[in-house]
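Here chain A shows up in two complexes: once beside chain B, once beside chain C.
On to the complex of A and B.
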């Protein structure tokens, strides 16, 4: 009860802040202010992930986006000393309105169909509660439940923390696994990524590698001597 | 009355959530106090060791002058003489001579430890001068962004093992999360924003160049730093800092596998990749903390003062403190990952735990402090031994040497783990 309340508070506070900062990115005319807003927005998104117990995803969000990519953005913006935008886009207003409303429609549709949307609770808290409630009485039912509600992605990893800890650490005793705090999300994620989605993962790595090689080839100056 | 209060406390602590909150706040305050004390202490260590290495005394005088006490009430002109007289010790005796040699007749000796405090006071009282051409908001936020992150990053460093009380176990780490080293990388990586913004918002040439240099350097070395500890994580199989240290306490430190499972052939062969990752990691920590030989961002021979040229008074002091805080956190991370963290070693941890939990915790805390001090000394030693690199050398070392070595090291570790059982 207490945990799910905290979960909800964290979700709503940080979601609101992240949305505000996201608006700030486009609203500010000064490119550095936009970049700083983007950093804040990434930070709040990471906080939401932390609140859901997905610590690894949250920290990766911070390291990769806030720590590396955005710093590079800032670097370029500052180095070129980009002045505040003065020219406004000449596109007619209604095109912008159409694009914006299409995106708003998609977001609204998705968020209304998330589990727990009817009771105004954050999706992750509801999912955890459902599974924990089922896990006590009926393990197969809980496993079936984590196949996720219809129309909502694929199957999710089991969220029964004792079983998950046991599965991730074969040497662990059941008592120890029950005591272990939280879900071993790093191990679960690694296992899922390197078994179930291994081919997609390797293909993606090759795509990124090709991109890097291409960037180096384009940026390199060919010497004539 | 007393019973009622004790009962109330007992009831409060029996509640899991309150117990967790109260112990966490205590640990948090302790951690902050230690970090801030170490920032001051490392400034003093820096100057004393610098003096020692360069064959000069360094700040060894600044003490608490006894004239202060004379001014505030004490009419005695020579307190030492009176004290000696009180105990009936003659003034020619060796005790008196020793006291005179220690300058006890003039001030309370602190061996120069008052110097950093006085420096802090001086910087606090100086006039603040903000140039008219700076970008105000970013100019003010920047020092905060440099000082803040290292303090937050310290939350995952374990400073002792766990102790059990009648209300539950206390784990001697502020935040026992499953992503320890990543948390430190992520949070201390944010301090690059502070430096970049300081350089950009100062709106003048040299700070700007310093900010650009700092950004490029920090990003380059973060990559090698992250890759260099992967072999270590492969060996321990966990990202939780407390688990990593407990493992080292039971089975030998990463760089000193002399007891437990550390005596196996695998661990001894693992010393090769571990030593390699230790060298890469320590060098990257130097670069991340912006210390000589990597202090390109504030290199005074070509950049005046670098990114903090336009800053004065306490804003400058924040940068200064941020640098030392980063150094302390870097040392703590190296000690935790490679040198056993709080572990006393040679099986002493288990023996002490079997005897008394709290004695073990206190001994481990002291051990951690000693290791931290030793590593800070090493930091300072390197600073006053090696000259500053050239900018292109720094970049070459990061991208062409360390990155490749770190990646090769991962494969080497995998081979050792696979082939040698």
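On to the complex of A and C.
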């Protein structure tokens, strides 16, 4: 799944398009054009998430960002009747560009210096054992552990739909899981969300509720009398 | 032969820095806010990429995807409050210019 050459080409094409649309958000003077570019950029980002095998996160990206947040932005842009500005810089343009380029350069440098980042074929590695080893008061071992494992920046480990089906359905026999088609992404995500992170999920709903109440309270017209 | 983790991280970093440039450069506070949203979604991409990279036995670590789901939800709440603040600011100053908020300066 997701290993063929066409998937790689699609990733690079969509990544370039998403970055281009992101530049469009900053470069267009008309806020409506910026919002439309944001929709495109989020759409391409969702496509990249689909390509990573995170189907649920891709759908959430489309529904929440491109659907809800963007429509809210467009409502406000149209309600406020914002005109395109003639002078749109608050800082000299080059200061912003220099800061952003330095940041992008640092991220690129660090990413490319991850072990195995240059080569496309790398062994799968996890940090879990290293984190366990850090608890031991063995200084040389601990120093060796803070480094990323060999091949960490290389290819992402392949998804295994048989193992995932077994993990998602405890009663399933291995023969049955081998025959099952599709990758149970939503099921596994939901299992993690509603068992391990259930309390955080409930608290999150309070945050959303507070957001709703706050938005109504802030945007309400205050009577003078 | 799949795409390396490093390329996902570089893509996410580029998207984040474009958003950073927009926050620094633009005067229209609505566009500044759009760029903030883009920075959040760029962070989501790297979280999902890390969840794949840390995975064992062909199953990603779903804790990272749960975290990015929380980020999306908090972003939605933040947008609703932020846009309400922008509407309130427009009522007060009749403009969406971030440089027009200078009452304390003069």
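Methods note: the second predicted complex is superposed on the first by the 139 of 225 C-alpha atoms of A that agree within 3 Å, B and C clash if a C-alpha of one lies under 4 Å from a C-alpha of the other, contacts with A are read in each partner's own complex, and residues count from 1 in each chain.
Following the convention adopted for this analysis, a contact is a pair of C-beta atoms (placed from the backbone, for glycine too) under 8 Å apart; a residue touches a chain by one contact, two chains touch by 3 or more.
What you see is a predicted model, and the numbers here were worked out from it, not measured in a lab.
By the touch criterion stated above, A:9 is placed in contact with neither chain B nor chain C. In the superposition on chain A, A:32 makes contact with chain B only, not with chain C. Of the two partner chains placed around the shared chain by superposition, chain B and chain C are both touched by A:56. Using the contact criterion defined above for the overlaid structures, shared-chain residue A:72 touches chain B and also reaches chain C. When the two structures are aligned on the shared chain, A:186 is found in touch with chain B, with no touch to chain C. In the superposition on chain A, contact of A:91 is made with chain C only, not with chain B.
Annotation for chain A, partner touching more residues between chain B and chain C: C.
Contacts of A:202 after superposition: neither chain B nor chain C is touched.
Applying the stated touch rule to the two superposed structures, the overlap between the chain B and chain C interfaces on chain A comprises residues 2, 56, 60, 68, 72, 79. Residues 2, 32, 36, 39, 55-56, 59-60, 62-63, 66-68, 71-72, 74-75, 78-79, 181-182, 184-186 of chain A are the ones that touch chain B when the two sit in their complex. Put simply, chain C touches chain A in their complex at residues 1-22, 24-28, 30-31, 33-35, 37-38, 41, 44-45, 48-49, 51-60, 62-63, 65-66, 68-70, 72-81, 83-88, 90-91, 96-99.
If you check the complex, the residues on chain B that touch chain A are 17, 138, 176-179, 182-183, 185-187, 189-190, 192-193, 196, 199-200, 208, 211-212, 215-216, 218-219, 222, 226, 239. The touching residues of chain A, counted against chain C in their complex, run 2-3, 5, 7-8, 11, 15, 18-19, 22-23, 25-26, 31, 34-35, 38, 41-42, 45, 48-49, 52-54, 56-57, 60-61, 64-65, 68-69, 72-73, 76-77, 79-80, 82, 85, 87-91, 93, 95-97, 99-101, 103-104, 107-108, 110-112, 114, 116-117, 119-122, 124, 126-128, 152-164, 167, 188-189, 191-193, 196-197, 200, 204, 207-208, 210-212, 214-219, 221.
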